[in-house]
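So, here's a batch of structures to check.
You will see chain A twice below: alongside chain B first, and alongside chain C after that.
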Partner chain A sequence: MSSKHVTSFKGITGWIDQRLPIFTLMQNEYGSFPTPRNFNYLWNFGAISLFMLLLMIGSGVVLAMHYTADTHLSFNSVERLMRDVNYGWLLRYMHMNGASMFFLAVYIHLFRGMYYGSYKEPRELLWILGVLILFLMIATAFMGYVLPWGQMSFWAATVITNLMSAIPLVGDPIVTWLWGGFSVDNPTLTRFYALHYLLPFVIFGVVFLHIAALHVCGSNNPLGIEPKSEKDTLPFHPYYTMKDTFGLCVFLMLYAVFIFWMPNALGHPDNSIPANPMMTPPHIVPEWYFLPFYAILRSFTIDIGIPFTHIVLISSKLGGVILMVTSIAVGFVLPWLDTSPVRSARFRPLYRIFFWVFVADSILLGYLGSQPPEGIYVIISQIAMAYYFAHFFLVIPLLSKYEKPLPVPKSIHEAIGSGA
Partner chain B sequence: MRLILSLLATLVFALPAAAKEMHPHGPEGGWKHKGVFGSYDRGALQRGLLVYKQVCAACHALNLVAYRNLAMLGYSEDEIKTIAAEKRVKDGPNDQGEMFDRPARPSDPFVAPFANDQAARVANGGALPPDLSLIIKARHGGENYVYSLLTGFGETPPADMKILPGMNYNPYFPGGQIAMPPPLAADDLVSYSDGTKATKEQMAKDVVQFLAWAAEPHMEQRKRIGIRVMLFLLVLTGVFYAAKRQLWRDVH
Partner chain C sequence: MSHSSNPSLAKPGQEPDPDRRDFIFIAAGAMGAVGTAVTLWPFIASLGPAADTLALSTTEVDLGKVEPGQAITVMWRGKPVFIRNRTPEDIQAAQAIDKDAGQFNGLRDPETDETRVKQSAFGDKKMPNWLIMVGVCTHLGCIPMGQKATDMKGDFNGWFCPCHGSNYDTAGRIRKGPAPKNLAIPAYTFLTETQIRIG
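The block that comes next holds the complex of A and B.
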């Protein structure tokens, strides 16, 4: 054979590996792959997220076998699954609560990246792919929520698709095109179903790129300094495969509590009522993982126009949509907003404080998103929203410039040796 | 007419802002089927079925439950056949091309009181009695809400509330006015074969448990499997933790 690749595997494995080096690849990327030795348990959530994605695809494929996408049949097809299909209730509760657990894991993963500066050079593209995954997850979760065709499914679909009508000039035609008609109806349901089945595989593709990019530059770590020698790293297997599996088991216990004892706690009672286009629920609220964005969407309450005329340049609706999209898309530029040379918040005393203020602000926005948009809630939402953006466009750039970081250790093994 | 009715309905739904709603509560002693190990009380389920059949079923359907499901309540095959045969369903077409009536079979879903929603509205002054299959899951407060609603009739409305014609005051219902007349207005509407006294509260408590079962028929299996899964995960977590500690011993 003239191929440059010489396999170190023997027997059948060697025969395959000589022709298609997947075993060498696995060995290099997941076996001996040098990984910083100082990960804390927050580094488990990447693996946990991947596990949740695969679990969602697995359970979803089986659910799809029992589901019917038709406005007259969907609700009952889901109930038939819950009642008459062997372990159908288990599959559905795994999938329903799996979405929540997937978002929980991804949000922890994301905040970990922000705390330890994992988005900084050379990991900008890795981070950007992550933001892209978040966008795809949001679209997928939203469309999945519509499929059971309960009251909240229908009205969430109506509210969210209607947001597109805020786009100037072409808004209304776009909404009609999205719906496949003049209201949310059967064509909307069937296309959401098709896309809900498609997008997870797109996510899988982007996750592959996300991991490929990770394996080019290697993982960040709690100290935010690059490993310099072999003393700073450990082979991924068995050290991190074992640690990740342990973390995953703990996470699965939390997940199991929801599946088996409070499967509907994170859902909304109205989704146990079949969709009724003639009756609007008193409060339309999204799932918990969308609440902060929902609060931002609703916080923009004024029309911006040319003074002393009736010309509206940005309606309150359009303003809200722009803010909501920006609140996530800001991730794309975060690596360039934060120019501090130090990655980890451990050595950034001020950033560390503002990071936790930002986390608190995000949770506050989540709470506000669950409340009716009236009275004091509107004003608090506006302040919380303003702070959310100020964190990215004011606090982070200013800190990058004026914050005095603490001295960074020379190497990972030295820092561990000195007990830091 | 329909327009007036829908306007009326809008008005009723618009009222919550004006009226004070009361917080739902459960019966004394709580619900036996709640909690980590909670299971359904078969006696209560059978009594609840009786209340449903003799009171609620006059207006409310139970479309998602089939007679065969009553096996979970402890009924034998013959008993289920008898219960199903109390009702007649339209079937067909037969080989003559005709629709025909036959007694319901265990495989049929509970026979609905009305042929369609319009018929149900006409018979109920314009209001549509909801299907009860998922009612416990479909309301904030679940069991406590339905129990409070059933036992919450008969109080005097606040002075500033005008009860609309055909409506009844119930402080637990959003808006305080409900089209449903008090379904359990008196004791002994049903006679229980197990000697339990059929007070209003007892009937409400029993039928709520029956409806909780109807909404989540697999709850017991779910918790049973859940306990096994948790035990398995606990052991697995312990094993992996020990393995991880052992492996990392020299690293730290």
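The block that comes next holds the complex of A and C.
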């Protein structure tokens, strides 16, 4: 940064800004920051996600003041929070349902990026940071779910940590190390608590990089073409501060419906039973935002081995784990799988159709993840899982090669007929 | 700041020795890496089972009151251990598979009934009626049913995991369903004819 920075602010603000130009930074990045003028409401979900992250950290810090991480005390400390602590029920329901709303916002944000090709050059790293945030969110949400130490908490922790035992040779020692013992027990709970408190701040750090990267190349927009002149952009404030605030208010209304009218609709009743290591609930299901991945995990049902021997190279358990991780990690390579020069699905008639098929497939996988893995559900899961991967490794590369995109407009202001 | 080599290292009229500089750099770097790894180890090791957790890793059980056909469940290392006093019919059913199906064609994880209960002996006396296993499904860690008289025992009259439908036979061997392995056999010894120590 140049040492010749002269602040344009006056008074105390100016005195500070001259020495530490934070006000200039805010002015440049959130005030006059040139932003494409044609955002639709789908562009609200980045800001909404950030708001949800901050809300989760805020409510989480207060909850932590009332929570005790101990297998004998955790369940009761949560019950006390619900019954005795002032507004404890509200804070907990905000946090519980907040996790769902955070994932909802992030999933919309993610699908928006896929529809409008926001992951394409020059925004690959921005997108990769987003996939990293998703991984961190999944880990954080999973560990948070364990903390109330109900039946689902305990058995979710058991089933998911047991997945690691699928790793050949070192699987079992790794699981013992993760647990800090020979089963999910107090050492597991205390470390999950520590990490559940830590990871949101790591997420915040990566979100900061995500936004910093965004402010280097600027936002994509529904047309998927870069702004070329001032006619194509608006200053971020007041135009998008206002639009984001409006979108956030609508979103918060939905959130409030859950908090106040159906706070447990997205939860599972078995988690109101204290954890019992000697009894498994008859049907273990994760939270809704993990269901598609859970369906993919369970869809791999065969052992791949050397025929006519008992040597198994990839057990069905390991295969499931590999598929599940790949189903998210595929995001890291998406910018290179899709080589079509056109970003927005508006000008990609075939991609647009396949995008919606993919969305439907993801929702179908979510439904299958909630069903018992028996009979017809297994077969449908396998087909849906196969299509999920085919979308990334077959459909997208082939479309990049053979699809004829529609003509792309010359500029944003011409396309939307304004901005003169 | 100049990046040229430090002239103080070279004697007058002599070029600085680049090999010497490289050696110092690599040696310092290697030492730093070792130091970092050594410092990191306590952090990693602290997450493993602690001394008190390990101290709990044996448990003693009195089997005197378990009649043939009955089963009890005890806790060992935070996991249930299934102890069943098998009836002669149970043992016969398990051994029948060993004998007829050639090379255990029907079994996913081939083991004879004898190997499953080889630790069930006191002195020279073999007690194949005592089947002692970790009661954790080898699929994803659920607790199978079959310990209580009224429980579903599955297609092979042993244990049945309600999570994903794994069926185990009267020797605790996986016979049907997604689990890859037989129910695990913990290390145990008979201290007397009716008392065991697990672990």
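The rule is simple: the second predicted complex is superposed on the first by the 415 of 420 C-alpha atoms of A that agree within 3 Å, B and C clash if a C-alpha of one lies under 4 Å from a C-alpha of the other, contacts with A are read in each partner's own complex, and residues count from 1 in each chain.
Methods note: a contact is a pair of C-beta atoms (placed from the backbone, for glycine too) under 8 Å apart; a residue touches a chain by one contact, two chains touch by 3 or more.
Everything quoted here is computed from the prediction, not taken from an experiment.
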### Task
Applying the touch criterion given at the start, work out whether A:Y239 contacts chain B, chain C, both or neither, answering first, second, both or neither.
first
### Query
If you stack the two complexes on chain A, which partner ends up touching A:S315: first (chain B), second (chain C), both, or neither?
second
### Message
Once chain A of both complexes is superposed, is A:P373 in touch with chain B (first), chain C (second), both, or neither?
### Response
second
### Query
For A:T158, is the partner it touches chain B (first), chain C (second), both, or none of the two (neither)?
second
### Task
Give one of first, second, both or neither to describe whether A:L350 is in contact with chain B, with chain C, with both, or with none.
neither
### Query
Which partner does A:I284 reach: the first (chain B), the second (chain C), both, or neither?
second
### Task
Determine, under the contact definition given at the top, whether A:F182 touches first (chain B), second (chain C), both, or neither.
second
### Task
Report for A:T301: first if it touches chain B alone, second if chain C alone, otherwise both or neither.
second
### Query
Looking at the overlay, what does A:S272 touch: chain B (first), chain C (second), both, or neither?
first
## Note on the structure
Dual-contact residues of chain A, meaning touching chain B and chain C, are 278, 282
### Query
For the complex, which residues does chain A have touching chain C?
155, 158-159, 162-163, 176-185, 187, 191, 277-280, 282-284, 298, 301, 303, 310, 312, 315-317, 373-374
### Message
With touch defined as at the start, can you tell me which chain C residues reach chain A in the complex?
### Response
44, 47-50, 53, 57, 73, 75, 77-80, 110, 139-143, 162-165, 178, 180
#### Entry: Parts of chain A lying in touch with chain B, wherever the complex brings them together
37, 76, 79, 82-83, 89-90, 93, 234, 238-239, 242-243, 245-246, 249-250, 252-253, 256-257, 259-261, 263-264, 269-270, 272-273, 278, 282
### Query
Contact residues on chain B for chain A in the complex?
6, 13, 16, 36, 64, 69, 130, 133-134, 137-140, 142, 174, 215, 217-218, 222-223, 225-227, 229-230, 233-234, 236-237, 240-241, 243-244, 247-248, 251
